[in-house]
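The next part holds the structures, each set out as structure tokens.
Two complexes, one shared chain (chain A), two partners (chain B, chain C).
Up next, the complex of A and B:
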């Protein structure tokens, strides 16, 4: 039948190619794949490139568009990195940001796993609506929430401590992670849990021993999102922290390296570069899990 | 940077006697004012101040604060935030009722939450009597409902920053003081291929500084004395027509300029004329790069020209200290401010920051820093030459919101660039301003 079909339908392909191969000819691939991909990569990576070369540019090259090539460095320098690391509190900001982001991520993941599992699996009345409401909470902008949150932070005497951020970041992380994990948990077949029930497993054992191991890609995906959002957060960090040594990278770098209307661009870009590296490293380690979670794949 | 300050200190050293005698002037001696403030036992203070504009400012402020601690035993914690981030932090502190004991805010901040602030009338009166009185606009900023609710410190002034050689080449031995002369200068600079540029983007300092000066100098204003929006007026149209002619001489890109762009362009040699604080000069003069120091040598400042209104109409970054009612140590906070405002401390601070902030007390215009380097002199008059935010109406939510919304800046930019006719731009500005003033 296949042979008959092939002989009956004339093909435009020539040589050894068959079927839809004509759609993937080189010129077509260049137009449909490589050029869009190149544009995409350029748009994504150019800011990173700009940040990197600016971090190593001397001031003389930075300030002049006439006498220096804006896209290249003639005389690279480590002065900006040196200034950032040794003349500011950057190491302390880095440590604070790492601590706060990691702690807030774990707190949020813990709460989100419990919430998402309950909504996805425990068939209580209104579970779907609760899921929707939790997601709506994510849509409330931090610029509205920060004043009431500030009141609570002051009441609990957490102002100007890392705890102020570790405990407030989950207000926007938990809704997002919960929403993401609900979808992931729903993709795990019921049958696996039913088998566990037959074997006498409790609900907690099912969650810990069956569901969570299967949901690792989803957990990693939610974790990466939570970590990145915490790492880059600005408004709460600006509002709840005052001491220079307690600041996070986004606020500390701006405060220390902008002097009125004079920006220390080299050191600012060095701060942005060093500040973005941990997130890039985290992504690179877990990119496979991350992709598989986004494509919704649960291997049965 | 250190070298510059040392040399600067030597220069002004000759005038130190004059500086020390600021308070010893006849009028101050006559009054012989005193004030007694008893700080609370065990007081500690937390002060939030804007991040330095020039390095010397912070160094001197910290040194003065340490001196206060040595004298009184009161520990003071100094925190800094980027100057544009101070206002939201102050607003949160006011609303929540907790935060730093003292915050150095901007413009009309004290008029947005006067009920949250400690009255400082006694302190302001004492300082005013001792140091030649407050400039009238300082009283506007400090007084709310007949009480001093904040203590004006000074303003970061805005002046014309120009290359001496380029202006001379354009046929001007002196920087023009009137608007027709100023326009002719800009046109001549353009003909000579020398860059002219003023910020027309949403630049908090430079954008507002340029737009307000241009509009006010023609006798136009956003609101009248009662707070009624009157921006759509013949005077505004005249100002916008002038802005159009001026804009034709600008280098490309000014419509998107923030506060930093003219600094960069000037120091890169792309500009021969702009308006800015003293930071361009400070950066060039303290640079280790010979080319930058050459720019400093060829750089000068001038006060903003006087327009048809016939008087100075600048708006400069006015800053004032606010003590919040939630503080447990209001007396210690007042004593700290008194100490920092006294001439010994103000002198050292003004000197170290080469006059980046012009004090709000009139006696300090005799400080030798203003004459030790003639290039700094125009900034001496920054406080004297300015009007207040929301002139000529009352200060408060509407004036702050109108400025935060860049209504004046956008109006000038729209008309100058031709995006709207002057009439359309003025109408749109009135419409936007009414949203705030009619609340």
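Up next, the complex of A and C:
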């Protein structure tokens, strides 16, 4: 399904609204399309350039006189990265975030596959209503849930453990993944399942051996999206975790690297850069899946 | 249809139960329903209940009726946060929509490296908000801001701008950072919507003598409206309940000038320990969220209706 839609986009794009682009002259196109687009790209990417260049700047250059060109580094240094990796808890935050994101993604995928299959294919009584309720759950923002959740997490004795996050992240991942997977499951022909039933397969066998292999693009889309959302999560991690070595990257970088009013910008930017890299790398490998899940979630 | 080929030699109560759709559906729903009930539905109800108690961090608290809401109604910081939330949501959403739509229209042209450009444009959306907010915080630094440096070099200003130290500067600076982060989501989803519009419609309109702006207002916009409704509802919802960006850049300061309802509820409930009061602020957000959800609901119905109701 994704393959089809991905290949459809470029082919269609060639004959798109663009179909009439030959009517506009090149200079006009430069002014109306390329210059605005270049400004957009510059503004959207500049903070990343700034983050990267600051991470490799020695402190002296960071606060040097105002006549020096700040857009370039005279003598790049690994000092900031070094400080981050060996003098702070950054490596621990990194592994925590990795572990929590991966575990939350798998928990969510497991629950979502079963739920989506039940809603899309078993068609039990009230399946549509349950689907609607799950969609509504997606619209409940974490910032109105964290206060009561904090007391629930406390009562379950999960406070300050990774489990607090592994079990609460699925609340915003499951609705999204389920909704996305319903779309993928609906696209699989019923005939395939009927053949399997005739051959004596159980529902679980049908799901594992027939439906899932065909829905792999959907699983990847949902998985990537869930992983990046967990990696980026902030308010639950801020509220449910207190000890330094249990923190996740966003919380750790923000709360532990800023000491009082002293901002060590080099180390902060190094933390921001290294903390962003894993999601950026995962994203770069699966851009098309990512875009299809982003747009798919809205279109469904 | 799936239950027709029942296996004849095995009709015990057990096999009949396994073939029963409702039973099987319920079993498959257990993991998702379990997590969502315990960690979403229950806290939602409990949060509303907490808003009517005087609970503190670690103490149960007892029912005090509208006590929290009455004290909030007389609390000028609360009303400031309500004003900020609306100001932030309205200005940021309008700007995100206008710029996002413009970017989507630009990307809908045929050009080299289109896929790569699209991939790079999404970066602000995928990078953790807190981490990109730190980059903005550094760019907004009172002494070493690169923006101020550039403007000084160009001769536009003679003193460095105090981006986050002044109430209105801080509000606008936060809005700029929020818009920066929100544009990619809106642009990419609207681009997907634009690509579903058949080029023949534009050609037909052009043949009938429609100008470019007429083609935009009478072909593009009506066809894009359903997806705009949904995308903007999501955007408004997430802007309204934003927490990360404010918390990581100003923590509500200077002197509460940039507190949103979400950051104020955190401030009161977690560091302040007044769980009941914090929950009351969260509860006060719910009516607005419900309004946004109803908007999505009708947006989707409109879409079904436009497509001849074959959306399933």
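Here are a few things to note about the model shown:
The working rule: the second predicted complex is superposed on the first by the 233 of 300 C-alpha atoms of A that agree within 3 Å, B and C clash if a C-alpha of one lies under 4 Å from a C-alpha of the other, contacts with A are read in each partner's own complex, and residues count from 1 in each chain.
The criterion applied here is as follows: a contact is a pair of C-beta atoms (placed from the backbone, for glycine too) under 8 Å apart; a residue touches a chain by one contact, two chains touch by 3 or more.
Source: prediction; values computed, not measured.
In the superposition on chain A, A:31 contacts neither chain B nor chain C. Once the two complexes are overlaid on the shared chain, A:242 sits against chain B while remaining clear of chain C.
Within the superposed three-chain model, A:281 lies out of touch with both chain B and chain C [touch as defined at top]. In the superposition on chain A, A:147 makes contact with both chain B and chain C. When the two structures are aligned on the shared chain, A:74 is found in touch with neither chain B nor chain C.
More residues of chain A are touched by C (comparison of chain B with chain C). Legend: residue contacts after superposition of the two complexes on their common chain; A:262 is shown touching chain B, with no touch to chain C. Contact with neither chain B nor chain C is seen for A:39 once the two complexes are overlaid on the shared chain.
In the superposition on chain A, A:195 contacts neither chain B nor chain C. In the superposition on the C-alpha atoms of chain A, the part of chain A touched by chain B in one complex and by chain C in the other spans residues 63, 66, 146-147, 150-151, 154, 238-239, 254, 263.
Residue ranges of chain A in contact with chain B, taken from their complex: 59-60, 63-67, 146-147, 150-151, 154, 159, 238-239, 242-244, 254-256, 258-263. Within the complex, the chain C residues that touch chain A are 1-2, 5, 7, 18, 21-22, 24-26, 28-33, 35-36, 38-44, 46-47, 50, 55, 58, 99, 102-103, 106-111, 114-115, 117-124, 126-132, 134-136, 138-139, 141, 143-144, 146, 149, 152, 180, 183-185, 188-189, 192-195, 197, 199, 202-203, 206, 227, 230-231, 234, 237-238, 241-244, 247-248, 262, 265-266, 269-270, 275, 278-279, 282-283, 285-286, 289, 292-293, 296.
Residues 46, 48, 51-55, 77, 79-83, 85, 88-89, 92, 95-100, 156, 205-206, 259-260, 263-264, 267-270, 276-277, 279, 283, 289, 291, 356 of chain B touch chain A in their complex. Taken together, the chain A residues at the contact with chain C in this complex read 9-10, 12-21, 29, 33-34, 36-37, 40-41, 43-45, 47-48, 50-51, 54, 62-63, 66, 70-71, 107, 110-112, 114-115, 117-119, 122-125, 127, 130, 134, 136-137, 139-152, 154, 167-168, 170-171, 174-175, 178, 190, 193-194, 197-198, 200, 202-203, 228, 231-232, 234-235, 238-239, 249-251, 253-254, 263, 265, 268-269, 271-272, 275-276, 279-280, 283-284, 287, 290-291, 294-295, 298-299.
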